[in-house]
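Structure record follows, encoded as structure tokens.
By written order: A, B, C and D. Residues from 1 in each chain.
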Amino acid sequence: MIIHMSRTAAAEDQARIYDKITAAGFQYEVIHGATGINVIGILGDLSRVPESYFRELAGVDKVVRISKAYKLVSREYSAKSKVIDLGGGVSVGAKELAFMAGPCSLESVEQMMTIGAYVSSMGIKIIRGGAYKPRTSPYSFQGMGLEGLKLLAEVRKKFGLKIVTEATGLHHHIDEAGNKEQRNVLENVIDYADIIQIGARNMKSYGFLQELGILTKDCKKPILLKRGDSSTLKDFLLAAEYIVANGNPNVILCLRGIRTFEEEKFQRYTPDIGAITVLKRESNLPVIFDPSHAVGYRASVPGAALAAVAAGADGLLIETHNDPPNAMCDGEQSVTEEQLRDIKRKADVIWNLFW
Amino acid sequence: MIIHMSRTAAAEDQARIYDKITAAGFQYEVIHGATGINVIGILGDLSRVPESYFRELAGVDKVVRISKAYKLVSREYSAKSKVIDLGGGVSVGAKELAFMAGPCSLESVEQMMTIGAYVSSMGIKIIRGGAYKPRTSPYSFQGMGLEGLKLLAEVRKKFGLKIVTEATGLHHHIDEAGNKEQRNVLENVIDYADIIQIGARNMKSYGFLQELGILTKDCKKPILLKRGDSSTLKDFLLAAEYIVANGNPNVILCLRGIRTFEEEKFQRYTPDIGAITVLKRESNLPVIFDPSHAVGYRASVPGAALAAVAAGADGLLIETHNDPPNAMCDGEQSVTEEQLRDIKRKADVIWNLFW
Amino acid sequence: MIIHMSRTAAAEDQARIYDKITAAGFQYEVIHGATGINVIGILGDLSRVPESYFRELAGVDKVVRISKAYKLVSREYSAKSKVIDLGGGVSVGAKELAFMAGPCSLESVEQMMTIGAYVSSMGIKIIRGGAYKPRTSPYSFQGMGLEGLKLLAEVRKKFGLKIVTEATGLHHHIDEAGNKEQRNVLENVIDYADIIQIGARNMKSYGFLQELGILTKDCKKPILLKRGDSSTLKDFLLAAEYIVANGNPNVILCLRGIRTFEEEKFQRYTPDIGAITVLKRESNLPVIFDPSHAVGYRASVPGAALAAVAAGADGLLIETHNDPPNAMCDGEQSVTEEQLRDIKRKADVIWNLFW
Amino acid sequence: MIIHMSRTAAAEDQARIYDKITAAGFQYEVIHGATGINVIGILGDLSRVPESYFRELAGVDKVVRISKAYKLVSREYSAKSKVIDLGGGVSVGAKELAFMAGPCSLESVEQMMTIGAYVSSMGIKIIRGGAYKPRTSPYSFQGMGLEGLKLLAEVRKKFGLKIVTEATGLHHHIDEAGNKEQRNVLENVIDYADIIQIGARNMKSYGFLQELGILTKDCKKPILLKRGDSSTLKDFLLAAEYIVANGNPNVILCLRGIRTFEEEKFQRYTPDIGAITVLKRESNLPVIFDPSHAVGYRASVPGAALAAVAAGADGLLIETHNDPPNAMCDGEQSVTEEQLRDIKRKADVIWNLFW
């Protein structure tokens, strides 16, 4: 940790800081700047000492941490890129583009059989679909619950697909009629999913992330963690660190779009394509991209999807629906079968440029 | 709901929309614009119909909702400003400025007795203090837990203060040594607090808000809901609506600062003082302001606190500490006893300008 | 223009609005909403009437403009994509990816001859280079001025390249020694450039844009207009409209990255890749992308460049330098010759996916 | 300047940096961190060396500047708060709240005489009014031009008021009919104004700021510089530095509201009240606040105005109009005479709390 003193700091200000450093069990070195500004370097493992411990002392201008706030998920800690093996020859972060597609929300057996069939016919190996839906409005459809998870299991069996589905922070699912499921939502999802998705709105629910890490410590099922729509990349990596530090190292980072100043709703969020390169450099975890939630309108999804692959993403998570205008959720951002096939074909060409 | 057609929409596009409207059981009226753009007004209660139901149809340029997305918390629904009565002559939203102060985190009996004494000596009637701490880093201090709640109860008794304390989304508190509390965090806080605080990071944990509404449906203990650091005001009001719609009408809105583009950390967040006027107009709920989390540095707290009162806030929530440099949490944004006394005196003068 | 009345509007509020509409020479139609909210549609050409003309009247909740604020640059006005012909078989917006590369700042004859040689050897036909540099700090290098423009002309002649260079809002260039050029900066650049670049910082200098439109009314030399780092897309299109409305229809839109909430400087700006699709749909002008100013660090430039092409950009504007560590300006975001060659090769493959 | 090396930097990386430092004529000191990260402090006057000079070298993680980028306007350079004396007992930054009010745009003699009368009757000593209007749309009213300046001079004489009016980046004003003024806009404004206002859109037009500094080097007429709606505070202070470094030390900083992520237009911008405290601490220049452009709607202006005074602003700049619904510009954010009187009375009470 480095302390920048202000130009007007007094000698006794500096002495007081030396005392506080040594009292806390650390050593220090000082650089006496030519323009009258001194810099104090504190030596030792300061991972549990907050910057604020020094920042408020008289004479201090700035305190800068040298080490990264995140550790286990950093490329500095482990340079090798992590590969998540899902079994059956399917993996994320390896030499094949990880392509995940499916509807926003599970609606019916018929819907899922139709989508499962066309998705698997394109060579896509992972299907998505939400059984529990966290909604901004308390008046919106909240999902099929446990029944939906069972439907996903059937689809997995029938088409040989892996499944990714979301767990929410709610303890017990309550349906439209007010009936409450007996079993905890998180435990249900852990049982059924091949990849457990954590939504953007829960990325900062640290208690929930801690619990998730602990509950999956033994099974180590992969967690697909989505970036909060206004989270910094540092906070995103710290959220991943929460899961890893609590016992489950298998985290997939999923970008999706951030909230910016744009007023006209030309697109729902600003797709954070640039963050792909940053995360691949800062972290050893696989990075995938969700173009559907990033742009929000079907016509913009292909462009964002291909851009993400060109920027170096390890995979895509795309919403598709057999009948978008009548989807119960996110219909306008779901691509059709035909669009999905075209994205898959072009994405494979771009992906191959890098191998 | 109003549909703006694009200038190039065909007659059959429009016909298809009419069909979809009537099929859904609604009626419509059309304005034929002079510049070739038509506008279709849909009549009926559309509160459960999303804009996306129409937006993706051919020929549609924009869909605009006329009614507010939030209802129970809106001033349109009930013009009268809500007063939250805490008993013993203390209330929020009434003719007295609601002044809440105390440390970020509960640390020890001695600390709380000292702070309780000086806070109550200034005529402040509500003390704050966190027993459960949601932290950005998994490596930071996580709070005293249930023991802290019991300490708060003692302070309440000794000084005749009301207490406000935070409930987190974690099911069961785990201390530094790894010991897990038997009882659910939320239920513990509901039992002990006079006002249950919900932190900014949980403002979008809709499952948690739903559970909170249901669990406090009978006791109706007031909920102090903090705005997420990047939530729009519409999403903030929808989060309050989640609690009210699930059974507890006693919600206090608390503003605190939003994340903006500022790079240098001159202040931690941008205090959203302007939102006070907006929320007082849009909603009937009381609106208070937390200057400590807004600006993040002690020297900037008094200015933000007084600005909030001048802008029409119903109250303040301020962090204070008897020994800020050695506080376990948020020391650099905690004001001293002397600063608190000065803020209180000036805030009262400003408050009286409006009565 | 559509007026949404508030639910609580009185009949006389509505009558007063009708009067104001007819007094201004327009007609209106009314939709009487089922939930008690009325909507008034105003008929006629309202392009010179601001929303505020009605918004502040009693009973009004919202005023929504139906027509686009920009006109001449919109795809609605002219569906055909504009092709900018630079002569000699070079164009922007046509079937070839428009690739522009060169240093941030002109430094010396040797530098430009080296860069000109390798750029043209790759099949790149447009070279960039700044003679006038607008700098955030008054203490930074301000450019070679007119001497630089003459150097560009030599490079053009020697390698058969087209040149793009920036005009600033300064009337007369002043060099480090305080000497002032006789001739207006803008007029100099118009004389020498094949494409006149307008920087992001001047995108909202409307007086300057107006003057630019008037001065290039006859020559109609193409203008490359960069998006302001915090401008909405609507404001960006209005800035283009300023130039077109004042006489020069040949505008190229250039995206480059926007300022967002990210704190750590992992990248200089957030590359607004998603805006490419939006602008191609909203406007008929060509859209190119500048990855160098978007991300700010050399290692991130290739990813952003390829992502832009995959998202549908008509071209790229990239900074390259023969000796980046010793560049006088933007060295850390300038790619090397080798990187440039690799970007060009991959970009061509991706571009061909769409034809 | 401080260089943070990465944990994985090699010894030869460090040696190469030492060489580059000494080659540039500077000295250095090194702190060898306990966790394997070294820190190099460079000694000397580095005000003309950009961070990028070192940042791109192998082994470098981060480069941090110790000295402020702005100098002459900083409180570090001169601790004493600057007072701007306008003559006739009127000043900004002194013991009286500087209150400036008037219409957005000059419209007619009658309008200005009415407003001049009520403004001066309240004890307000500075009137505002725009003769040249920079507008987002090329189709909006562009101002009265020179005729407006002459009208302002009459108002000044008749009511004994000082005048503040805006200079734009346009060289020569062009009216609706296409007639062009002979004389440069900036020179006209310098002649007539007591305070020369520079609008938010021109805050980054560095050429214009440089010219302004040079042209007012002798007269030293005060410049009221508005913050760009998306400028960081550092860039705002650097813009002020441009003017001061070119010869005119009399700059008044004016805050007004920033662009944030808020979607619903509850307020036009987010009033940056918190920046008042920051600027008063970082800089020695007076800081005033413009609530009208911050919030954009008349009903929200009083709250923002009083909040700014409570936060420590040295003055206010408010739009008022004798007939807001028929104002040619910004009518909906202009307060009435009655509102202005009420703001003035309350602002004076709050101001007196600090003296």
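To be clear about the criterion, a residue touches a chain if its C-beta (ideal position, glycine included) is under 8 Å from a C-beta of that chain, and two chains touch if they have at least 3 such contacts.
Computed from a prediction, not measured in an experiment: that's the story for all the values here.
Common neighbours of subunit B and subunit C (chains touching each): A, D. The most distant chain from subunit D, with centres taken as the mean of CA atoms, is A.
For the pair subunit B and subunit D, the distance between mean C-alpha positions equals 32 Å. Here the CA centre of subunit A is 39 Å from the CA centre of subunit D. Between the Cα centres of subunit A and subunit B there is a gap of 25 Å. In subunit D, the residues that touch at least two other chains are 230, 259-261, 263. Listed in rising order, the residues of subunit A touching subunit D in the complex are 2, 4, 6-8, 27, 29, 31-35, 37, 39, 41, 43-45, 64, 66-67, 76, 230, 259-261, 263, 265.
The residues of subunit B lying in touch with subunit D in their complex are 230, 232-234, 257-258, 260-264, 266-267, 270-278, 281-282, 294-295, 299-300, 303-304, 306-312, 346, 349-350, 353.
By the touch criterion given at the top, residues 47-48, 50, 52-53, 55-57, 69, 134-140, 168-171, 174, 185, 201-202, 204-208, 210-211, 228-230, 235, 238, 241-242, 245-246, 259, 261, 297-298, 324-325, 330-332 of subunit B touch subunit A in their complex.
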